[in-house]
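One chain, chain A, appears in both complexes that follow, with chain B as partner in the first and chain C in the second.
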Partner chain A sequence: MTTYRIALAGNPNTGKSTLFNALTGLRQHTGNWAGKTVERAEGEFTHNGKTFRVIDLPGTYSLYSNSADEEVARNYIIFEKPDVTIVVLDATSLERNLNLALQVLEMTNRVVVCINLMDEAAKLGIRINLDRISERLGVPVAAISARSKTGIEALLDLVEKVASGRIVPVPIRVTYSEEIEQSIQKLEPFIRQTLGDLFPARWVALRLLDGDGSLLAALKEHAGESAPVKEVVNYGQTVCH
Partner chain B sequence: MPTTSVRLSDTKTGNRVRLVRIDVQGVLRRRLLDLGFVPGNVVEVLQKSPLGDPIAFRVNNTTIALRQEESSLIFGELIGGDRS
Partner chain C sequence: MAKPYATNSSNSLDSLFAAAAKLAEGNSIRDGIVSDIYKTTHEICRESVRYEDRKKLETTYRLDKIVTSPIWGFPIMLAILGVVFWITIAGANVPSEMLASMFTWIEGYLTAGFQALHVPEWIHGVLVLGFYRGTSWVISVMLPPMAIFFPVFALLENFGFLPRVAFNMDRLFKKSGGHGKQALTMSMGFGCNAAAILSTRIIESPRERILAILTNNFVPCNGRWPILILLASLFMAVGVSSQYQTMVTAFIVMGMVLIGVAVTLAVSWVLSKTALRGIPTHYTLELPPYRKPQFIKTILISSRDKSWNVLKRAVLVAAPAGVITWILGNVDVGGTSVLNHMAAFFDPFARAIGLDGFILMAFILGLPANEIVLPILLMGYMSTGAMVDADGLDNIKQIFLDHGWTWLTALNTMLFSLLHYPCGTTLINIYKETKSVKWTVLSGVIPLAIAIAVTFAVAQTVRAFGWV
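Take a look at the complex of A and B:
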């Protein structure tokens, strides 16, 4: 039987863990990420006869500020390559939440966006055009209320379709300033040469341009000592945000 | 449109400021951007501490307090009511 690996990402207080609990019930265990005092919660559920293993990533506003939480979340998505990453967004403050969603979309196309707290948003008079968001982001979007357990079946249908490859999302690609785009183009071939197709070259290029030393360290650790990643260090200043 | 740009640290309670520039560098810059201190975004000055530092701001529907070290490196232009 197929087992898919699912990661849950999202800002703090978006109801990510409520969703995690609703999905896995008692079929979960918690511990720590190796070498970090960051809690790791893992669980399992079945849907349409398929088994899904879920990891509840730490709640973060970003993946790039280099806190232990953010490193854990970033490393999981980039190195463990879950079959689907569900990005949980708070319907009542989408603007802030979409920052993380866009970051994840730069890393992988296997994403389902899950807008939680729809009931809260409705109370505040917020109406959300799901089709439009899905169209703009280029990934499937589901609306749920984890607390009252509504919309979860529809979410899981989307997750299964992305996991099995029946839906192949084509995420929006953020276009940066010409200067940055040119630098990306220069870097990409070197990155492909060094890392192969294991990692999204465009994303790695952006991280390098941002001077992300912690990613370099993680890549080296992951690749063993062999990869000569050193050459591209300090390519540029921090130019993108 | 050469509107006078102000440092966030020089604003008054109740001011609304459209951010223009963030001169903070490094990881903290990243962090501020993640929290919504992005050029173009509007920030409201909620309240000041008794000694004037830190100052609480409303960004993206969230309250965030910044020390003067950071807020003095964030620039914006006052929106409306800038008769002070």
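Take a look at the complex of A and C:
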């Protein structure tokens, strides 16, 4: 039986944990991320006969490694490469929430966008054109209400399709200013040469241009881990590589 | 296992990083990246989100514009705080009197019963004059203000006001070198310092977290509100005509809170310029929507969780403390009671800072929990033979007056309570969180030093000018 790994990303207060609980029920356990004081919640559920291991990433407003939370979330998506990342958005403040979705889409195309709190939005008279958003983002979009558990089946269908490769999203590409774009172009070949195709070169270029020292440190750490000569499972290394 | 990188030396990663830094030319491109992302999301939303009723959405924003505005933010905050204190003080007086006279009435029957059964005098002393009286004082003095203050505060909390307070305070904390979230942990401190210490976990940077831990004690917690409110209403509004007394009392309590906040900021500022140097890190504070509080539920829950628990703790500790204090007050060594010996020992120093030996002793014995400082103090005074009929707040004041209290004593007791070291539970939590004896000791010693310095300065100034 196939087991897929799913990550839940999203801003704080979007009902991400409500969704996590709705998905996993009692089949979950919590702990800390290795070496961090950030809580790590992991659980399991089945859908259409497939098993999904789902990890609830810390709620963050961005993935620019401003804090330990953001670092944990970013490192998981980049280094652990989940089969699908569900980005949970708050329907009542979609515009602000979409920023995080765009940042995730720069890191991976295996994304399903999940717009939560649809009932609240309806109460406030907010009408959301899901097809249009899906079209613009280039990834499947599901609308749910985690609290009343509506729309979750449809969400999971999409998640399964992306996980199994039946849907291959082609995400939107944010165009930056000419200056930034030129720098990205200069860096990209250099990045491919150094890191191979393990990481999205465009995203790495952006992070490096932003002077993200913590990413550099994380890359070095993982370079050490994955070097063939050092085939030792270190303490603190996650099992599901 | 992940595949190895194309090139596996960390040198090549470093040179990649250096190349990127060179391209960026030392400019921060973060703003450019973020604004382009915002532009894109704005565009997507313009195409796909439709608002049927913009007004509905804007109520929160409109209210927040006023409540968190640079001009109106602080006056509104202070006004609300003032109203809460006013309601508490105005509402607590009558039930306090009623409870006190009820307990006195019962005490009369208890004493009569003990006498009818020919119970030895010392048992009557321990049980009625120590245990019963101590406990009933605590209940009649502390229950009414708590039963009003906590539910009112909880209603404000549920309405969504506290995040706005944190938002307003954020500017000040940034300026004093702390983290904006310190405003949140400080707000928690108004409830319970021990819990607030745990809440400092939300601050990532160790420097800013220590700052928040060290200064949390300066806002009054559940255990200290009663002593502040009681002393303010007994002593501080004396010269004022009666219809304004409640208002003046509320102002005094509010003044205490402001002093606490000012000290928090000042200590943060000094520490961030000396022992804990550094630049404040940024963070995002989300203002949740205002919600209509569920009145009945909030009142019931806060009564159960806060009012009842604080009272229970006070009674549980105060009851045995009442017995011990009574015994200490009635066992004579060399003609004077043990209690008097102890108080006399502290007295010279205590006088210098405007207190007396009993008050200082109550604070020292009150280390386990701030709730019991007032009960210990009252029992200490009562056991020294000053027999007063305990039937109302006036008589509590009489007890204080009999022991030479002036408004200066009351003021300095309030200041000392506000500033002195955190309670034992809080200290234990600080140790658990910091794993450092140094910071734990400092978090007790810094407030204590400030408390002594402030009360000393106030006492000496007031006496030098001959105001008492």
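By definition in this document, the second predicted complex is superposed on the first by the 223 of 241 C-alpha atoms of A that agree within 3 Å, B and C clash if a C-alpha of one lies under 4 Å from a C-alpha of the other, contacts with A are read in each partner's own complex, and residues count from 1 in each chain.
Throughout what follows, a contact is a pair of C-beta atoms (placed from the backbone, for glycine too) under 8 Å apart; a residue touches a chain by one contact, two chains touch by 3 or more.
Quantities reported herein were computed from a predicted structural model and do not represent experimental measurements.
Colleague: Between chain B (first) and chain C (second), which does A:95 come into contact with in this model arrangement: first, second, both, or neither?
Modeller: both
Colleague: In the overlay, answer first, second, both or neither for which of chain B and chain C A:149 touches.
Modeller: neither
Colleague: Which holds for A:175: it touches chain B only (first), chain C only (second), both, or neither?
Modeller: second
Colleague: Chain B or chain C: which reaches more residues on chain A?
Modeller: C
Colleague: Check whether A:27 is in contact with chain B, with chain C, with both or with neither, and answer first, second, both or neither.
Modeller: Neither: A:27 stays clear of chain B and chain C.
Colleague: Please work out whether A:206 is in contact with chain B alone, chain C alone, both, or neither, and reply first, second, both or neither.
Modeller: In the superposition, A:206 contacts chain C only.
Colleague: Is A:65 touching anything from chain B or chain C once the two structures are fitted on A? First, second, both or neither.
Modeller: A:65: touches chain B, not chain C.
Colleague: Pick out the shared contact residues on chain A: the ones touching chain B in one complex and chain C in the other.
Modeller: 61, 64, 66, 95-96, 99, 210, 241
Colleague: Please give the residue numbers of chain A that touch chain B in the complex, ascending.
Modeller: 61-62, 64-66, 92-93, 95-96, 99, 210, 238, 241
Colleague: Within their complex, state which residues of chain C touch chain A.
Modeller: For chain C paired with chain A, touching residues are 1-8, 10, 12-14, 16-17, 19-21, 23-24, 28-30, 32-34, 36-38, 40-42, 44-45, 47-53, 56-57, 201, 204, 281-284, 286, 288.
Colleague: Give the list of chain B residues in touch with chain A in this complex.
Modeller: Residues 25-27, 29-31, 33-36, 38, 60-62.
Colleague: Within their complex, state which residues of chain A touch chain C.
Modeller: 12-13, 37, 61, 64, 66-69, 79, 94-96, 98-99, 102-103, 124-130, 132-133, 136-137, 172, 174-177, 179-180, 183, 186-187, 190-196, 198, 205-206, 208-211, 213, 216, 219-220, 222-228, 231, 241
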